[in-house]
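In this document, chain identifiers A, B, C and D correspond to the written order of the chains, with residue numbering beginning at 1 in each.
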């Protein structure tokens, strides 16, 4: 039994980058995330969590990342992870890689965040705007990559005063070592690390 | 002759909300902006400025505002201008009002900002991300409304350290009094108020 | 009677720049603000409002602006209002101009915002951090200048989803025309314009 | 030899939390950081780097964290790392723990960031304001803790478009495992991980 309670009307589940590039055979990053996804069962766990959130009236927020052809949003002199995305042509609008993973597609009435060009789900998007307009206090985070976009989003959400919950069984990185190291060393500082099972129990309908 | 110079490779022109809702007969806010648009000639001036910016290699950035049907991005207990937008059903995706004004439509290679759900063009969008990735120092602002989105964008751009230029002949408000009062009292604090004629002369190709 | 209610435990009053530079004979900007301060009675009204907020348990937040000697925080090539502050040597730490106006000085337990180097009370400060940590939903704004720092703060607070109240009788600009024009044209879009009398009535102790 | 060059007039070194709480016997967190500090020699390395940066005209920025007595800045229902800081009474203004570590104290003309109440050096402070006013493009990061404040600062700086350099020999965490894991898995995505030796060679006087 979890030692916390989440009122559905002040809680949002934020699903970060459930897109074919990560989730599906043929996706450019699928070979890199496959091992951890299988190990944590995060795709199945996330779909089940999504179902419960929908039933219980939790605000569902989807955060895709996408670039126009040519990745012109990113600097020609980029470095680090953005350079990898640009060179690899990943998450290009109009390709199947950029499309949402079928079982996690938004349905009518759900919020889809726009503008994500960087890693943190807040920095270049309307995520904070949406959460504030909906009076959200608790933010549950799942998705990709544990130590990249999920972690940046967690850190910013914490600074902004949200109560943040991170899900070890609904996240994946490009190696199990990275997945586990960041949960072990970093996630407890900026969130309540937990599991989708606990979250499902903790949600109370308003 | 302007007393400033704008190097094209570090300058962006940011066109805010050139959408039918404001610009075109039938648009929900056209009756409100018509008088000032005609008085300042801002539609014609903006199109001419856009042409010169394209020729001289200035980074062109378009900032539309848009909402999903039902305006679910905005709180049910909204107040102020967002309440007006929601109640009026303005800028709804899929309607002609939300479409870009034909003469100002983006062409290939131009940047289109995403996520704008509020008034400031920075707050809920990837505008800052795009400007930083493109090493932009100077920001030229035109569009709607002088004292609403243009002014909020100007104020934030100034705080962020950009050199901001505002164009009295490429902006419009819902009344001439509002247009003139905010230029008179506010714009000089946060920008270099100027005209499209001066800007066109000031741009130097890298 | 106001048509709104403010629960004291989710309400903050934010007093912006009640410093001698603006409020007191000898202050660098006192000659500019004197007329409007006298006209609106904002110093007396603010002190009375502060007293009631303290009695009723409203979170009191003070937002001073200050610079180190030499104003090294501001660019050598600054323009606009920051240039004026730097050239005028205003709000320099260690001078009486930077000190808080005696009747509005913080008392123990009140929050004093740090970092304000720009105009918006959020942009370069810990204001949002403090408000979120204290679960504040309603923000009441008073201070200087109506159309500069107060207006920028109001605009950002609105984007961030706070319910914003602005006080025509607790703000001042450098001219009555500026004070009135911005209230007339701008403040209703981003806040509930009201008076300190109404606020005092609207506050309900938790 | 480093494969990069840093022009001194567009480069800032940002020293994060060189305060007795971390650096000095008697500091509340000294027992936790001692091992890694000794292992990496980060205190000596940082002091040497500071000296060279001063000689070569690099903009030096100090980022202390501090709280008023009672840590009233932090929520009564805080969790995660802020809860630990509040309960431990760490970095309280007026205590020796909050004071700057003697060899790294700011000298006249250097920038001292204000407002830091959270972990990221940008979120609640005037850091971005200062960097933009000084036309900084390159940001060199050292300090505490590798995987907490340094990492959050690195992630945000990257999103904001700075070229970020992180120094494995000028940072420390509360365990060597945390220090090394975050460098191994995370720092390459958001920065150029390097050493103070390389930085010192790479700096070119304007």
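The definition used in the following text is that a residue touches a chain if its C-beta (ideal position, glycine included) is under 8 Å from a C-beta of that chain, and two chains touch if they have at least 3 such contacts.
Please read these numbers as outputs of a predicted model, since none were measured by experiment.
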(request) Please give the intersection of the contact partners of chain A with those of chain B. (result) C, D
(message) Of the chain pairs B-D and B-C, which one is connected by the greater count of C-beta contacts?
(response) B-C
(message) Centroid of chain B to centroid of chain C, CA atoms only: how many Å?
(response) 28
(message) Could you work out how far the Cα centre of chain B sits from that of chain D, in whole Å?
(response) 38
(request) Could you list which residues of chain D touch at least two other chains? (result) 75, 118, 123-124, 128-129, 133, 159-161
(message) With touch defined as at the start, can you tell me which chain B residues reach chain D in the complex?
(response) 128-129, 132-133, 159-161
(message) Give the list of chain C residues in touch with chain B in this complex.
(response) 75, 79-81, 118-120, 123-124, 147-148, 151-152, 155-156, 158-161, 163, 173, 175, 177-178, 181-182, 184-186, 188-192
(request) Show which residues of chain A lie in contact with chain B when the two form their complex. (result) 68, 70, 72-75, 78, 109, 111-118, 123-126, 128-130, 133-135
